[in-house]
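The next part holds the structures, each set out as structure tokens.
Next, two complexes with subunit A in common: one pairs it with subunit B, the other with subunit C.
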Partner chain A sequence: MNPVTIKAIARKEFYHLVRDFRSMYLAFVIPLLMILMFGYALSLDVDSVKVVIVDHDKTKESRELAQKLNASAYFQIVRQLNDSLVAVRYLDQGLTTMAIVIPPGWTEDLKADREASLQVLLDGSDPNFAGISRGYITAFVEAYNRDQLLSFLNRKGMDEIKAPVDGRIRVWFNEDLESQNFIVPGIIAIIIMIVGAMLTSLVIAREYENGTMETIRSLPVGGGELLLGKAIPYFLIALTDVLVAVFMGQVLFGVVMKSSFCLLVLASTIYISVALSLGFLISIATKSQLVANQMAILITFLPSLLLSNFVFPIGNMPKIFQMLTYIIPATYFIDILNGLYLRGLGLSHLGQSYLILVGMLIVLSYAGFALLRKEGM
Partner chain B sequence: MSNSGSDAVYVEKLEKRFGRFAAVDKISFSVDRGEVFGLLGPNGAGKSTTIRMLCGIISPTSGYGRVAGYDIFSEAEAIKRSIGYMSQRFSLYEDMTPLENIRFYLGVYEVPQEVWRERIEWVLDMARLQDVRHRITRELPPGWRQRLALGCALLHRPEILFLDEPTSGVDPITRRSFWEFIDKLAQEGVTVFVTTHYMDEARNCQRLVMLNEGKIAAMGSPSEIISEVFPGRPGADLGDVFIRLMARRQE
Partner chain C sequence: MSWLRIRELVRKEFIQLFRDKKNRPLLIIAPFVQLLVFGYVVTTDVRDVRVGVFDQAHTRESRLLLDDLDANRTFRITHYTDHPKELEEILLRRKVDLALKIGPEFSERIRSGDSAPVQIIADGSMSNMASMRIAYTSLVLDRFNQRMIEERYKQTLDYGKIDARIRTWYNPNLESRNFFVPGIVAMLLMILSLLLTSMAIIREKEAGTIEQLIVTPLRPIELIVGKILPYIIITQILIIIVTTFAIIWFSLPLKGNFLLLAVAACLFLVSTLGIGLFISTISATQQQAMMTTFFFIVPFFMFSGFVFPIASMPTVIQWLTYLNPLRYFLVIIRGVFLKGVGMGILWPQFLAMMVLGLVVFISAVKRFRKRLD
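What follows is the complex of A and B.
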């Protein structure tokens, strides 16, 4: 391991990188786009539910109900309709996600202490959205009932009664339930996989394709020196991307990290190294940039996105996929980042995930090194 | 294993098999220090396989060999430090400038920093690339790239220079000046080991090994080989020998 040799290789690799349009695009443009796209577009929060309302009753009370609904931050009435069938068409065409039908005689029933039913139609094609919408409307109806009850008691001159159970819910981590707060850590994990593994998967395959692997073999360069030298520029770029993502997360989305910055850098350093080793391993095994790139998408990018607890909760997956998530490095990195970002945890709680990543790093880098040696380096 | 220590290259029963196919079939020869030595043969004769074994790029299946005094099985690293190697693909990074390529070679050969400047100027002068030192190598004509590749292989002042079909794809005039330069190197004491399938290049070698289907078909100086294959036919040249020997083998 000679530092002069490693430096010469790192410098050469840096030239390749800055002169290759595709690599520069992957290294800098894609990460920026991902932060913006995921941060703004992939918001899992439901701000306001679009509602059409069909008021068959047409009384003061029914109009008040509609007004109350519209005044709430969670609902937005897009149209008042007269025909339930038209409301269904609105749902079919996706112009609204919820239709509320107030039947004729509703106010009468209400005043006569009979059950006054309200029909709510909900578009369930996006289950996440529908679930949240159902929660909103249920809460709204409960609040309405409560108001009715109170005004009834007032009219009868009775005291307020208290509900037997008063559930006081306080959200512990991520108090505002902002999904951006967990999207930012997820994006960092994905970006590292793109920059780390997808870029480096091309690196050794390129030497094979250009015939320069032959040159390197004729030079007094060891396999370890080659891998280390090639890793340096990509490592620095990935780390820069992480810092940019952290910065943008804070400035654009107000996602502030609670725990130590050093722990974040430490975790990123280990995880970047894991990604680089994985990329090198793919590159050495495939010897073709095209195949390597496909492989990298399949075994690094997609699992990091889908099986890492980022977009889809691991707890909801079938058992076999849950097992699979244990071998995905991103699972542990996102666990660490969530711990650092949302829970403000330290090394005592996250140490295990750090250690698992270090273990993966040792196994993967050794595998790459051994494979390179087998190829005669 | 007579006097193997003083030869630049010495091999005995050197063999390389790929599965059942013997690419190089137990060949033995030696190369003196300061000699221009040629390995001649048609495509697929085993020239490249031989030179790659000697340079420590691939390891032989069996046999014995020393290059620059080092064992080709156990001391490949030491061999790589004492030789220069240039392959038919010119061994350059084409997205880098000549200067960047030179610096890369200086770095991996661990040439001391204090002589970098002097070596860089020497190579750029020798290869006549002073004016294009900051151009991207891909944009240079093949002949210029070839001179650069040769210069890079000489940056660390190797004792032995291995050239694998160094002039393929280069025009005759460039080839001539290339060989003039090789002769100059040899006069300075550098051993030059070259593979080729061009007869006019083979004539420039002091000694030749003719290789066909992994075996040695003839060995000696060009004139020795001609008179051995065509005794009593003074008009014959190396081309006739080549065709005769290669035809005989293929029967």
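What follows is the complex of A and C.
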């Protein structure tokens, strides 16, 4: 290993990169866009549920119910309707998530101390959205009934009945339940895969396609020196992207890391190296930029997005896919990010994930190196 | 326009497409793999919620509560512990999604008519999942409370309360698959048509054969039609196969009209083929075309309502999504699959997609012709 050789290769690779506008775009603009997109615009939370109300009862109480609903932060009444069929149309067109029908005689039932039924129609097509909306309306009805019970007991001159169990629900790790807090850190893992693996997957393949691989072979350059030299510019770019992402997440979206920054840099360094070795391995194995690019999307980008516990919980997947997640590097990196950002964990808890990533790095870089040697480097 | 010349070009395209071995996996295997992976992996269902319990009471009441929880299909008690530290530890290590702490005076308090606090700690790191888990937990607690009150007073208290009859329409069991798989079909249609058209033209450019095509008596409009027609045919056939496969494999409900879907797919293709044509005018190599396609697909995908609900986006972005053809197609494909609605409901989407498609397509064709001349 000669540092001068490595430096020379790194410089050449850097020039290549700077001259190719599209690569630079992929390296810097895409990460920025992704952070902005996910931090600012994309969320899995439900701010307020759109509701249409069909009030067949038309009493003071039924109007108050509607007002209460509208005053709550969780609901937004789009329209008051007179006809249930029109409400169905609203649901069909997707103009509302929920339709609440107050039947005639509703107030009468309520005043006569009977159960007053309320028809709630929920658009279940998006299960995530519908599940959260259902939680909101159930909680709203519970609160309403509690008030009703209190006034009933007051009227009868009875003591207040206390709920036998008082569930005190607290949320840990992401106290405000905002999806940004787990999506923005997760994006760092995706960005590294795009920049690290997708860009480097083209690097050696390009030399093969251009026929310059022959030239390199005739030079006094070893395989290790070649890989290391080519890796350095991409490594620096990826690390810059990570730092920019962390900074933007913190400044623009208030996603604050609870654990130490050094641990994040350490984890990113290892993970970037894993991504780079994976990219090189693909590049050496395919020898074609087109195929390499396809492979990179298929085995680096998509699994990091889908099989890594990023947005879709691993626990929900069929067993076979669960097994698959164990060999995806992103799974461990996202675990680390989650621990550092949300849980405030240290090495004592995350050490295992760090070690597995290091292990993957050794295996992948050795495989790339061995493959290159077989090619006569 | 001469149909004869177009037909010959179409024939040449087909031969070229199927002769190249590299195209086969892209055309045949990739759609099915993507469909299967997405169909199985992309779920936000709330099921199998792992619960850790620290029960200091060990009484009949506390066991009843825990039984209620465990009997619920959504929850599964995986850890019992006797140390509060251990409860924190399993939460930190993501072994459980929910932790329950029952105090030592749990039963005494209930029997004396007081409220017994139960501490519930939810792992909020996936906020959307946590919201739903919390709602389900509250439901279990409410039912338990009702039972306890009835047991205590030996009668039901009849006070005027709301009985909310929540009926979930379109996807009654809230299955993610029913929502996502039709969306994947739309995604596949977009990726295939975008990639295939842009590549078809770039390939000629790269090989230098575009010059030869220009000197043939083929007129520009015939060239465009001849280049695009094969891909319309291929994507339509693929989509029919993939959709049928999805319906059978995932036993998806198809409540509406399959024909309506086919019409929608054609309209959607007008815009994506237009974009594909546009990409081919701004790229010189296949490599560039693929990257540019990637840049187009990601925002189209993110801002379509495929995974992230449009209603949760900021208002400005919500307006911007009206420019996204995928948005309309998703509404149509989900409407037809899940809601079983027809033209009477979906015409605004059809109209928007048609206008958008024509604008994109015509401007792309204009740009393309200018390039040829």
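The definition used in the following text is that the second predicted complex is superposed on the first by the 374 of 377 C-alpha atoms of A that agree within 3 Å, B and C clash if a C-alpha of one lies under 4 Å from a C-alpha of the other, contacts with A are read in each partner's own complex, and residues count from 1 in each chain.
FYI, a residue touches a chain if its C-beta (ideal position, glycine included) is under 8 Å from a C-beta of that chain, and two chains touch if they have at least 3 such contacts.
Remember, it's a predicted structure, so these values are computed and weren't measured experimentally.
Undergrad: Between subunit B and subunit C, whom does A:218 touch in the aligned arrangement: first, second, both, or neither?
TA: After superposition on chain A, A:218 lies in contact with subunit B alone.
Undergrad: Which partner chains sit in contact with A:79 here, subunit B, subunit C, both or neither? Use first/second/both/neither.
TA: Neither subunit B nor subunit C is touched by A:79.
Undergrad: Does subunit B (first) or subunit C (second) touch A:5, or do both, or does neither?
TA: Only subunit B is touched by A:5; subunit C is not.
Undergrad: Look at the residues of subunit A and decide whether subunit B or subunit C touches more of them.
TA: C
Undergrad: Report for A:63: first if it touches subunit B alone, second if subunit C alone, otherwise both or neither.
TA: Neither: A:63 stays clear of subunit B and subunit C.
Undergrad: Which holds for A:287: it touches subunit B only (first), subunit C only (second), both, or neither?
TA: neither
Undergrad: For subunit A, what residues appear in both contact lists, the one with subunit B and the one with subunit C?
TA: None.
Undergrad: Please output the residues of subunit A touching subunit B within their complex, sorted ascending.
TA: 2, 4-5, 7-9, 11-12, 15-16, 19-20, 210-212, 214-215, 217-222, 376
Undergrad: In their shared complex, at which residues does subunit A touch subunit C?
TA: Those in contact with subunit C are residues 22, 25-26, 30, 33-34, 37, 40-47, 50, 89, 91-94, 97, 109-132, 134-139, 141-142, 144-145, 148-149, 152-153, 161-175, 177-179, 181-182, 202, 289-291, 293-294, 297-298, 302, 306-307, 311-313, 315-318, 321, 335, 338, 342-343, 345, 349.
Undergrad: Quick check: in the complex, which residue numbers of subunit C touch subunit A?
TA: Against subunit A, the touching part of subunit C is residues 22, 26, 30, 37-38, 40-48, 50, 61, 65, 91-94, 110, 113-132, 134-139, 141-142, 144-145, 148-149, 152, 157-172, 174-176, 178-179, 286-288, 290-292, 294-295, 298-299, 302-303, 307-309, 311-314, 317, 331, 334-335, 338-339, 341, 345, 348.
Undergrad: Going by the contact rule set out above, which residues of subunit B touch subunit A in the complex?
TA: Within the complex, subunit B contacts subunit A at residues 55-59, 77, 80-81, 85, 87, 89, 91-96, 100, 103-110, 136.
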